[in-house]
Every structure is written in structure tokens, then in C-alpha cells.
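Each of the two complexes below includes chain A, the first together with chain B, the second together with chain C.
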Partner chain A sequence: MDEIVAEFIRRTILKIPVAEIGKILRIWNFLSESQLKTINLQQCKENVSQDVVELCKKKRASMKEAAILDIIYHQTCQIKKIWIVYKMTKAPGEEVDLSDMEEFKASFKKVLQRALKNVHISFRDSEDDAVWIRIAWGTPYMKPNQYKTTYVVYHSQTPFVFISHCQIKKYIPELWQALMTAGNYHKIRQMELRSLYLDSLKAIVFKQYNQDFQTYYLTPLEEENSEAEIVDPRIIHENMKEKERIQRVTRETFGDYVQPRIEFAQYKLETKFKTDCKNGILAEREEPFRCLVKFSSPHLLEALKSLAPAGIADAPLSPLLTCIPHKAMNYFTIREK
Partner chain B sequence: MDSSNVPEFTPKHGVPPRLRDYFTGASPFQRQLASVRKQTPFGQTPSRRKIPQCSPLQENIDPQKIAFLLHKQWTLYTLTPMYGFSYTNLKQYSTLLKCFLAAEKQKGLAVEMGEDFNFKVTFSTLSGIKGTHRDPAAFLVQIVSKSQLSSKNTEDKVVWTGWFCSVHGDSLLENVPDDFTCLPLFLANGAESNTALIGTWFQKTFDCRFTRLTISAFSLSWMAAMWTSCNLEHYGTATELLWSVPCSPQSLDISYAINPEDAKALWDSVHQTPEEITQEEVDLFIDCLCSHFHRHFRINLSATRLVCVSTSVASAHTDGKIKILCSKYLIGVLAFLTELAIFQIE
Partner chain C sequence: MASSQKHVFSLTGVLYQLERLEARDQRSAKPQDEHQGLQDSETDLEAKIRKLRKLRDELRTKVKLHEASARIPITNLEPYEPLKNSEENLEMKLEKAKAFFQAFHLTGLSGKLTTKGVCICFSTAFEGNILDSYYVDLIIKKPLTIHRHSVPVFIPLEQIAAKYLETNFQHFVYSLSEHLNAYSGRKYQADQLQCGFSAFLARPLQRNSLCTLLSFTYTTDPSGKSFPFCARLVYQDLTTTLPTNVTITYQGTGATPASWEDQRAAHEPLFYKNALYKVFESFLRVREN
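And then the complex of A and B:
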């Protein structure tokens, strides 16, 4: 087994959290069960990875198998990479393509390898009818760099592609061409939607977020409290009507389900400056008041949902914010109508 | 203010200084000043301030000498007056501080110095960093790590920097007895552990006290207005305000960055009084920004917390961190910070 492959496997194992190593090796299914049993997972990670490399050497693992290990690592562990969503469109009049996933993979590989020398492509299917494509880029004079890889996730029969780019950006046109040819599409464009969480992007784009059955009812705990506290029925919550209206409007806008998880939204504002007060500030100015607003949060949509009930925002919240899942965008440019 | 003409007890300042006030500190030496802050009517912050201008003294500063003060993040502290500090003893202080740090390191305390014991401490004055001639001179302390290879070509690496200054502080402070030196603003850059150790040495040696300077949202909004009002030839960075929203269970940060020319245009439209900035103008400026935001997002920024302001002149964070980007307004920024420091000193 080549030293490069050995080093790559060693480094990949080092990246995997200890708790997941056993699971990932089993999914990989390259080493037999008896071989896996010989690995002591309690020792330090450097030794674990050395043991795995030794076993792989005995079985003569090649880069092909090592690449699959890398894909499984990316599929299983939450890797901090930004995923960007692209949408492909068919030429007008073209029919829905009925080609299957195997034809897609074969065609993609052929087109990309014809365009670029020294590119290493691996495929792995995932449970939700998608294929993960791992591409390691090289140059006409250098072998593919296995540490600079681009991942592409494609669901068959859908026009959406999720791409996690690496630093090498110059082969993007060839990548797009391969995707379009293999999928039988005419154009590809980048959507204004990106996030660290691939699952949330899928939920937004495939409109699956509102099928979650976790609903928020008025919890029994709240009712108990209200019974215990109210001694005199003449004492009421002063703004009860307004609070109920806000709760109702928020529920109508956001739904009862858990929101898909995105961590930021960015708005480029190019509207004119206007205020309610009659000071005439900047009244004669024709040029737009240029701003860039960025919202960030570990779970942005849940945070926005809590603003109106907390009194920080008006209800209903601005459609610029509530449209994020529906429009499948989190980068916006707002101009005067 | 010319001290020879003005009588000591001016009606404007109410409380006359009493000798016994100077000796009621809790320190064992009983030298700490109880209060140096001039008593303003009702203890309020001023409702109008001069627009930051280039200080005449700053013209004498060699821009190269103060370049290292710019583009660096400084953590801010307030400092009570130092007893027994003398500018003629700077070399002694270097030696004493170095011995202190070496001793602490030997005790096993975490001291970030680079190579063991191969460091030197320098005390030097910073000329020109003052508002008027009455402000005491600013001085700088640096810890420099010497390379172990001890070849003359390798550069010494500055590991920690701290400087003390007072810009226009004189007008806000009571007449301070001669044995005290008042440099209420302290800025540090480097490892927190070093700052703590060096602070301890100063506190023991000069019977003073450091406290972290926090910048309230109120002061940050003044900074936003003052720095947007500065005239610059070239606006490098956007005027950015960062708001932190207290919502649960997830935190939310809103960054609102305005094109610097548009921000200046808005300010010019709000600003009426020549040469001065008033509280009303600051409030109106911030209100305009908030209402433009509300028009689009229907979120009330005034219900959230302003935590950071960033402009082409400087950027400041509520935790007491500052980064000065423009040498032209260095003195103006320091003057405002000195004022905040003095108001925070008890």
C-alpha cells in the first residue's frame, strides 16, 4: 500500500471523534469484523489510527477505499463546512428525464474526466435517495490532492445540488458542466441560500420543514400556574388580548413545527431613507441609503420566532424575515419598488 | 482654565476640596484618594461636547512613533491616582518590574514571556499623547522577549504592551496633591495573565487600583455620532453597529452596517450646532438609524442592547475594548475615553 494512502487514512481517523470511530469503520466495511475487534479503542487516538493503518496495509487498501472512508466521515459527523445550494433548470420543452442514478454517475464521471486530467471521483449513495460525490482536484502535472476536496450532494429527479467547495475554485465551470450533462439539464444557477447545516437546507428546499409533527400546545404547566395564582377573578393580565394576538399571529406566520436550522441571513439594503417624523432629514436625497444587515444566531429562525412574543418586534414580523424558508433564500438585496 | 485667576471654590463646582477627604481610603497606607472626580451639578454627564479636533500638541508627534498604537485591540482599564510615581525613575521601575515578573515566574505562576527569563521590561514616555500641557505625560510599558539565539539580527518580539495616559483629564479632576500622578486611562494589549501580574505590581508599588472600564450603550451611541461626524479624506470601513438581542433560548446578533458616506450624509442632516454635538443630535441620529431598520424588519432595536460600534475612526466594544484606526483623531478618541474613565472611578 502506498505511503500517501496510509498517511491519508491515518489523518482521516485522527479527525474522527473517538466515539464514532467504531461505527464509521463498520459502515466502511473494508476491514472484517474480526480485524475490527483487534483494535483497542480505549488507547490514545494516535495509536488507534496506527492500528487501523496497519490493518489496511495488510489488506492493501487503495485510494479508492480511502476516499469512501472520507465520504462516510463527512456523512456521519457534523463537519463545519458551508453548503451552497444550486438549482438546475431544463431547457423549455424538454421532458422530465427518467435516467437512473447509475447512468448519472457514469455520465458525470465521464464528462468531468474528459475535461480535466488528474481528477479523482468517488461516489457513495445515502439513505435518502441521494448520491454523495467526492472530487479531489489535481492539475495536468500533479496528482489529485486528497486534502482539497469538493463534495456534491445530488438527489435524483430533483433540480437541486448542494455543493461544499474547497479552496480550489477554478474548476467550478467544469463541475457545473458535468452536473448538467449528467442530469440532462440546460442551466445551473447559484441560489441565495447557504448554511452549515445540510439537513436544514434540504428541509427548506424540499419544503419538508412543515411536515414535522412537533407542535407547541399551551402546556399543561402554564394552565396549572394560572389556576394557582389567580385568587381574585377580577385580577386579569392587562394586555392579555394583545399577547394572545401576538401568539396567534406568530403561530400563523411560523407554523407550529420546529424551524429548519440556519445560522445567518444577510440583507443588502438599497432603499431610500425615510422616517416617520417630519424633520425632513435626508428628504431631498435621491440616492439610496446603503446598508448591510446581518442576522446571526445558532438557530436563527427560532430566535426570530421568539422576538414578537418577547415584545422586541412587532407582530406580524416583516415578510423579509419570514420568507426565508418559503423563498429558500438567506441572502437578499432589497431595492425600492 | 487658568488656575491663577479662578478662585478655588467656584460656585459651579459646589463641593470644596477638603484635606481629610484625601485620606479616607481603605488602603493600609491611607494614601488612596477618596475621590478625584470634580463634582458636577447633579452628577450628570455633559449634554454637549466639542467635536473631536486635531489637538495642537498632536502635530508634534511623529506619526511613525505612534503607529504601533493603531490597528491594535486594547483592553481598557481605569486607574486611580498613583502615589509616589516619578518620571525620573523609569529605569528603576523597569528593573523592579522585571525582577517581580521573574520571581513570579519562578514561583510557577503562568507568565507568558516566550523563552524563559530572556525578556526585558521597558518604561518609556509617550510624547504628545495629551490634551493640554497640564495633562501629565503618557508613558508606555513593554515586555520584550529576547531571542534565545542571541544573534544581533533576530528581532526582539514585543509580548505585552500597556500604556497610561490622560487626555484633557485635567479639567475633570480636582486639584490633586503633588505626590499623586493622575493617569486615569490604561490600555493593555497582550496576555490577560501578564496584565493581571503587572497590574498587581503597580497596585502594590503606587497604591492605586485598576478596574475594567465598561462602555455603556449610551456612551457607544455618543461614539457612533462623534466618529461619524469626523471628516476624513477616505472612508475605509462602514459605520457598523452591533446589537445583541436578549431573546431565549437562542441568542441573536444583528449587525447593521451603513455605507460610511451615507452615514455621514445622515449625520450632516441631523447636525445643527456648529462645533458641538448635543445629546439631542446623538439621540436623533440613532433614532433615525433604528427607524430605517424598523421600516424594513419591524424590529425595535431600542429594545435590544448596543454592544459594539465600529467606524473608520475607531471601533469600541461594550466590554471595554477599543481599536483606533485613524491617527488624526487619536487624541479625540482618547479624550472621550479619559472622560469615561474618570466618571467610572469611584
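And then the complex of A and C:
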């Protein structure tokens, strides 16, 4: 077995958290059950990976199998990779086609390999009927670099493709061409949507985040026990009413369920500066005042949802903030109307 | 195709030469009659394909209407007769309205008024099993637009809306309901096969998002004694829950045994006529006997 393959497998195992190693090796299904039993998972990771490499050497693992191990690792563990969403469109008049995934894979591989020499492509189907494509890029003079890979996730018969942020930008056009040819599409464009969490991106784009269509018929919430500090009953009533109103509006906007998880929203403003103060260097200027506003949070949409109930912002929130899942965007450019 | 314009500014040298060659090439590519001729025949063929597809769609709707007219029409009401007593009038109207709602409830369609329009709920079902519901939120204004929806992205909602939303709203609702019910039904069959009859499957079920292409390898005997059958079911029509094309092939080495051929000939029509899990239920019954 190649030393490069051995080193790659060793490094991959080192990346996997100890709790998941057994599970991932089982899914990989390259080493037999009896061989897996011989690995002592209690020892330090260095030794575990060494044991795995020894077993793989006996079985003569090739880069092909090692690539599959890499894909399984990415599919199982939450890897910190930024995913960008792309949307493909068909030529007008085209119908929904049958979309045989095997044909898609064969076609994709053929087109990409024809365009670029020395590119290593691996496929693995995931549980939710998507195909994960792992691409290691090389040059005409260099073998593919297995450590700088691009991942593409594609669900058949959908126009959306999820591509992990690629450090090697110059091959993106060839990648797009292969995707469009294999999927039978006409155009591809990058959407203004990206996040670390692939599942959330899928939820937003496939509208699987349980959009609550029943919000129109909900009765106002039952008021919880509020503190009896304020004695005047009229004041309590006003507070209650306002609280109820905020809850209702928040519910109508965001729904009852957990929001998809994204980490930031970015607004590029190209609007004129508006101020009450007539004097001042920025007032009355014709050119737009360009600035970038970025909201970031470990869970941005949940944070926005809690703004009004926490009293930090007025309800309803600005539609620029609440439209993020509906419009499937978290990068906005706002210009003068 | 996504392409980027490259502006190369070069004054002298190799790059300049290459630019000139490129420009010359582009100029010589323009007046080419036979290229034009090929393009013309291509557009002709495309137009022909579109015409044939339209004809196929029309024939399909005709077949469906023919089948539908055989059933008792629930929306056919007797012509309205003015009654002497206005109270009886009102009661009769109420009864008819109730009957309408009941009838529509059976179709799985319901709607609620919203502040700006109406939200239609499509409840899908297959062979007595209630499946998922999908919503379409419409804003009533000229032109009628879809504000939000929970229809999966691979259902051709935009095409159906483009065809019918403005011109024939009833048909829009009917067509979308057909697509959603058929998709739900196919998905249900695939899920049932995957979960309920996994013992029969030698290889896990492979499907595409719309469940219009299913491929799996099965045996009639889960203990593994009989030969495997490699089945590929194609559902060309997005509005049906039964396959339009069934291919069963032999996966093993060597020639196909005669008994396998007989079984294949018996299985193929079963897949055409019955829901997937019903076919496997019949295998189960045969085995138990």
C-alpha cells in the first residue's frame, strides 16, 4: 500500500473524535468485523490510528477506499466547513426529467475528467438520498492533493447544489460545467446564502423548516402568571396586552418551531445617508453611503426571534431580518429605491 | 452557461498576437451558411418536440377525463328552483354548502382566508393512508401570486402555476393536487418497501427525489435460497402511483435458469398493476403457504 494512502488514513483517523471512530469504521465496511474487534479504542488516538493503518495495509487499501472513509467522516461529524448554495436553472420548456443518479455520477465524472487531468472524484450516497461528491484537485504536473478537497452535495431533481467553500478557485467553472451537463441544466448561479450548517441550508432551501401555515387561526396565548408588582390593574392590563401582541406577532413571523441555524447575515448598504441634523459633513450628499452591517450569532434566527419578547426590539421586526429563510438569502445588497 | 468576460489588456507581444488570432477566428465563424442550416433544423426539431409533448399532454388529460366521467360527479347539482318559502330556501342552500364542503374534504383540499388572500391546504393520501399535507399561500391581486408554499422543490410548481394559475384556477388546484398525491403515494410505497420488507431486499432501495425511478434487488425468499431479481421501476407520468415501465433483470453469473424466467414473467405484471408493498405482501403469503 502506498505510503501516501497510509499517511492519509492515519491523519483522517486522528481527526475523528474517539467516540465516533468505531461507528465510522463500521459504516466504511472495508475492515471486517473480526479485524475491527482487534482494535483497542481505549488507547490513545495515535495508537488507534496506527492499528487501523496496519490493518488497512494488510488489506491493501487504495486511495479510492481512503477517499470513501474521508466522505463518511464528513457525513457523520459536524465539520467546520462553509457551505455555499448554488441554484441551477433549466432551459425554458424543459420538463422534469427522470434523473437516474447512476447516470448523473457517470456523466459528471466523465465531463470533469475530460476537462481536467489529474482530478480524483469519489461518490457516496447519503441517507437522505443525496449524493456526496468528493473532489481532490491536481494539476497536469501534480497528483491530486487529497488534503485540499471540495465537497459537493446534490439531491436529484432539485435545482440546488451545495458546495463547500473551495480554496482552489480556478477550477470552479469546470466544476459548474460538469454539474450542469450531468444534471441536464442550462445555467448556474451562486445564491446569497451560506452557512456552516449544511442541514440548515437544506432546511431553508427545501422549505423543510415546518413553516407554520396555521398561524392565521391561532388564538392569543394564555397569559402566564406575571409578577404582581404593579398595583394599578389598568397598567397590568396594558402590559399584558402588549406582551400578548408581541408574542402573537413573533409567532406569526417565526412560527412555533426551531429555526434553521445560520451564523450570520450580512447587509451591504448602498443608500444615501439619512440624518435629521441638517449640518454635518455627511448630510445632504448625493453619493450613497456605503457600509456593511453584519449580524452574527451562534444561532442567528433564534436570536432574532427572541429580540421582541425580550424587549430589545419592537415587534414586528424589520422584514429585512425576518425574510432570511423565506427568501433563502443571508447576503443582502440594499440600494436606493 | 455561466461564463465570465475576460478583458485582456496587452499592447505588445504574444498576448497581443493571440488576441488578434482570436478576433480573426470569431470573425470567420460568423457567416457560415451550413452552420445556420444546422441551427435551423435544430430549432425545427425543438418545435416539433414541444408540439408532440403538448399533444401527449392533451391525450393524457383526455384519458383522465374519460376515466373521471365514469365516476359519479359530486359537483353536479340540480338546477336551482325558486321555492315558495324563503326559509326553506336558506336551509336548502345551507345543506348544499355543507355537502360541498364535505365533498371537498374528501378530495383533501381545504382553504382558509388570510389577511391578503387564501391559504390552500393539500392533504394527500394513498390507499386509505393519510399522508403529508402541503400548503400554498396565495395573495389575491392582479396577477394572482404565490406568496409562500411548502411544496417540495422537485414538484414542478412553477410550471403548473405558469400554465393554469392565471387562466384556470380550478385546474391549477386540481393539477397540483394530482402531482402531490401521486408523489406522496410513490414515496409511501418506497418507504413501506424499505422499512417493511427489507428482508426481501438484497441491496438497499435506490430512489430519486420524486420517487419516479426506483431500483432494487429482491428475492422471493429472504433466507437467500432463491435467485435475486434486479428490478427497475420507472414512473414516467408524474401524476400516477403505478409504474409505466418495469424491467427485471438477472444479476447472477451464467445463464438465467428457466425457473427464474418463469418467475420473472409472473412478477412483471404484478408490479405494473399493484402498489409495491402489495406485491411483496403477496410474496410473503406465497412463502407462508
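Just so we're on the same page, the second predicted complex is superposed on the first by the 299 of 337 C-alpha atoms of A that agree within 3 Å, B and C clash if a C-alpha of one lies under 4 Å from a C-alpha of the other, contacts with A are read in each partner's own complex, and residues count from 1 in each chain.
Quick note on the criterion: a contact is a pair of C-beta atoms (placed from the backbone, for glycine too) under 8 Å apart; a residue touches a chain by one contact, two chains touch by 3 or more.
Bear in mind the structure is a predicted one, so any value in this text is a computation, not a measurement.
Student: Putting chain B and chain C on the same copy of chain A, do they fit or clash?
Tutor: fit
Student: With the two structures laid over each other on chain A, which partner does A:139 touch: chain B (first), chain C (second), both, or neither?
Tutor: In the superposition, A:139 contacts neither chain B nor chain C.
Student: Looking at chain A, does chain C or chain B touch more of its residues?
Tutor: When the residues of chain A touched by each partner are counted, B comes out ahead.
Student: Once the shared chain is lined up, is A:180 touching chain B (first), chain C (second), both, or neither of them?
Tutor: A:180 contacts chain C only, not chain B.
Student: Should A:247 be classified as contacting the first partner (chain B), the second (chain C), both, or neither?
Tutor: neither
Student: Just checking: does A:269 make contact with chain B only, chain C only, both, or neither of them? Give me first, second, both or neither.
Tutor: First partner only, chain B.
Student: Is A:50 contacted by the first partner chain B, the second partner chain C, both or neither?
Tutor: Neither partner.
Student: When the two structures are overlaid on chain A, which partner does A:35 contact: first (chain B), second (chain C), both, or neither?
Tutor: Neither partner.
Student: Could you tell me if A:125 is touching chain B, chain C, both of them or neither one (first, second, both, neither)?
Tutor: The second partner, chain C, only.
Student: State the minimum pairwise Cα distance, in Å, between chain B and chain C in the overlaid complexes.
Tutor: 22
Student: Just to be sure I follow: which residues of chain A are touched by chain B in one complex and then by chain C in the other one?
Tutor: none
Student: For a test of understanding, state which residues of chain B touch chain A in their complex under the given definition.
Tutor: Counting only chain B, the residues touching chain A are 238, 245-259, 262, 265-266, 269-270, 284, 287-288, 291-293, 295-300, 303-304.
Student: In the complex formed with chain A, which residues of chain C make contact?
Tutor: Going by the criterion above, the answer is residues 1-4, 46, 50, 53, 112, 114-115, 119, 121, 135, 137, 148-154, 156, 159, 206-210, 212-213, 234, 236, 238.
Student: For the complex, give me every residue of chain A touching chain C.
Tutor: Interface residues on the chain A side: 93, 95-96, 98-101, 125, 129, 155-160, 173, 176-177, 180, 186-189, 205-207, 211, 213, 216-217, 326.
Student: Tell me, which parts of chain A touch chain B in their complex?
Tutor: Touch residues, chain A against chain B: 267, 269, 271, 273-277, 279, 281-282, 285, 287, 289-300, 302-304, 306-307, 310-314, 316-318, 320-321, 334.
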